[in-house]
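Read through the structures below before going on.
The following pair of complexes shares a single chain, chain A, combined with chain B in the former and chain C in the latter.
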Partner chain A sequence: MGRVPQLVNTTALANHQDPQDMSLSRDAGFWTFIAADASLFALLFFQFSLDRSSQPVVFDEGQRVLVVLLGTVNTLVLVSSSWLMASAVRNMRRDSVRTGLRLIAGTAALGVVFAAVKISEYVLALRSGHTVSTSPFFMYYFVITGIHLGHLMIGVIVVVVVGWRLRVGIRRPLDRTVLECGAVYWHLVDLLWMFIFPMLYLAR
Partner chain B sequence: MLQTPKALRRAWVGLVAITVLSLAVAEFSGIAAGVETAVVIAAAAVKGRIILVRYMGERSFPPWLRVYFGGWLVVCAIVIIGFHFS
Partner chain C sequence: MTKNESQLARLCAWAVAVYFIPFGIGWGLLGRMIPPYPASMPAAELAQIYRDNASTLRIGFALAAFATTFFFMWSIGLFRIMIHTDRGGKILPYTVLVGGVLTGADLMFSIFFWLTAAFRPEQDPALIQLLYDLGWLWLDLAFGVAMLYMIAFGVIALKDSRERPLFPKWLAWLGIWLSMEFLLELIMPYFRSGPFSWAGLFNFWVPFFPPAIWMVTVSVYMYKAAGRLNEEYESDLAQGLEQTTTG
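This part shows the complex of A and B:
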């Protein structure tokens, strides 16, 4: 077992009054990216709702094909992963690196579970003859959840790479920044799903 | 500002509880479709608020981003609910 690395860089800390309050407030580029990403999904929600209002029967028929239980399971998986991720950042900031790494691994594992459930839903839909061209509802279903799944997989890759670097002792200031930006991004993916799930599965 | 472990856990409990309640309203309550939609989307906005404040660390956001996400939650909820009633 190798030496557990310290995440907090002392030189970086010297430039801050409170190591527990090192925010990302100066990273305007990252915040702009987060806002732009949320805007993209807001536009998709708007377009979906607009088209649904003109063809409610078609959308309701499509919605009835979805397995609500699987969507619910994925919602619970995602909120649990966010809890683990927030706890991981907290532990890392407090130099509890070993615990933080376990929580990061748990976050990534739940991300993989989410992806597995989502892909199984795709398989179920495709096997029952519903494709992206079957109806407007399924076009939106595959596009919105597909883009969201892509976001989640990027999050998994970021979390795994940062976790691995910290595990092997690489602890540059950039790793801390990437971890914290990755955490915010992960929570954004969770936040977006909070609307996608009821909009596609529940709202009638 | 860091959230305490207790605050993070309570946020998770709240998110799970609201998710289960939303499912119950949508699948088993038998209320009118429009009302059901309003309830589950409003619940989504509340869950979004919890994630923003407890997990994303909204307090550390720059002011413009706090305003943006506050508006984003409201606008998304109003758009989805509004078109359902249109």
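This part shows the complex of A and C:
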């Protein structure tokens, strides 16, 4: 999970005075964003489980409509993208920019693949007559995966912008900061999917 | 920031309390908005509540509408502090001003729909329901104006290169996150009940209460920043430096 271990001793570094050390993943401030975001998903999962336990039949019926294979493919896609992202950051730190750039491009491409698979799943569900207001299961399905997909798209944009700037030779401390912060965010999006996938597709 | 402006900015920071207390009493308690009635409530039932409580509802909403005046005052104070924090920046501080003032206006105008419903509660229940719906849809779906000032505030606070920043970075990030969370309101019109409806966990409790606490915390730092910005001004004057951050 990227640089999570470095969360320790962040406060001393929070107000980064050395511009060379402006890594946001060491900034307690950015972790507030991550923590708040994770809490929102925790609340969503909690509310989902609560409603599910009150009407298990409706939720099980909805779940049967989902294509587990597509969910599994997306899980593999996202785990691979996370691995590419972590390798990209490692390469950038070692100043092997070319390899880093390739890995960043790979991360973004896998993000797009994930989105494409997710959108085809939406089309399949909508075609078979399931919308956000047809059952509580599909309400949660569309809302939770929709918010997650929104997160992923933001991640793709951040990664593409940073990658493009590095490619044209812009390398300010801020770019490194955004890259590292983008990596932490990417891992969060990946981690959230690790909860969403079993919760929506598998658990009966 | 001159001594005079610093004192006024501190007064504006205090305006948050002058806003929240009457607003909470008027809108929340007397106006019966914490929690709101669900969108699934039948018109006749809602109209009956408005008939039975017309007088407390009227004073509650009137008081809450007046309280929003202090939201405007707070926004102006935050804007001036942002201009100095951003060392004379223009677009971001003005975004804070416009977003803040429009957020106050959003709150104020939505209250007038509920006040109108309480003004003639004997009328057709469908009209009471219409006004009630309009108030909530207006209040919730105008979240974009709050995003403007919360994100602009966040960017200014993150850009602040002072050795000891005027606003903590975590508060900036929290504001940015809270403003993004408002996007959940986009799905609110699809639901009349459940956690994503206007009375539900994700479109009432989460987007209203954490941002209110955030606003109070911002005000505490606003108060401190006003003092520090005046010290900065005094020390610059002592060094004979020309002021560039008067906006």
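Simple rule for what comes next: the second predicted complex is superposed on the first by the 178 of 204 C-alpha atoms of A that agree within 3 Å, B and C clash if a C-alpha of one lies under 4 Å from a C-alpha of the other, contacts with A are read in each partner's own complex, and residues count from 1 in each chain.
Methods note: a contact is a pair of C-beta atoms (placed from the backbone, for glycine too) under 8 Å apart; a residue touches a chain by one contact, two chains touch by 3 or more.
Predicted, not measured: the structure shown is a model, and the values here were computed from it.
Once the complexes are laid over each other on chain A, chain B and chain C both fit without any clash. In the overlay built on the shared chain, the residue A:161 is in contact with neither chain B nor chain C. When both complexes are overlaid on chain A, the residue A:68 reaches chain B alone and has no touch with chain C. Legend: residue contacts after superposition of the two complexes on their common chain; A:109 is shown touching neither chain B nor chain C. In the superposed model, A:132 makes contact with chain C only, not with chain B.
Within the superposed three-chain model, A:191 lies in touch with chain B and out of touch with chain C [touch as defined at top].
In the superposition on chain A, A:85 contacts chain B only, with no contact to chain C.
In the overlay built on the shared chain, the residue A:153 is in contact with neither chain B nor chain C. In the superposition on chain A, contact of A:28 is made with both chain B and chain C.
Partner contacting the larger number of chain A residues, of chain B and chain C: B.
For the pair chain B and chain C, the model built by superposing on chain A gives 13 Å as the shortest CA-CA distance.
Comparing the two interfaces of chain A, the one with chain B and the one with chain C have residues 28, 31 in common. In the complex of the two chains, the chain A residues touching chain B come out as 20-21, 23-25, 28, 31, 34-35, 38-39, 42, 45-46, 49-50, 52-53, 68, 72, 75-76, 79-80, 82-83, 85-87, 90, 93, 184, 187-188, 190-191, 194-195, 197-199, 201-204. Residue ranges on chain C touching chain A, taken from their complex, read 158, 163-165, 168-174, 176-178, 181, 183-184, 187, 190-191, 194-196, 201-202, 206.
On the side of chain A, the complex with chain C involves touching residues 14-15, 17, 27-33, 36-37, 40, 43-44, 47, 51, 132-133, 136, 139, 143, 146-147, 150. Chain B meets chain A in the complex at residues 1-3, 5, 8-9, 11-12, 15-16, 19-20, 22-23, 26-27, 33, 36-37, 40-41, 43-44, 47-48, 51-52, 54-57, 60-62, 65, 68-69, 72, 75-77, 79-80, 82-84, 86.
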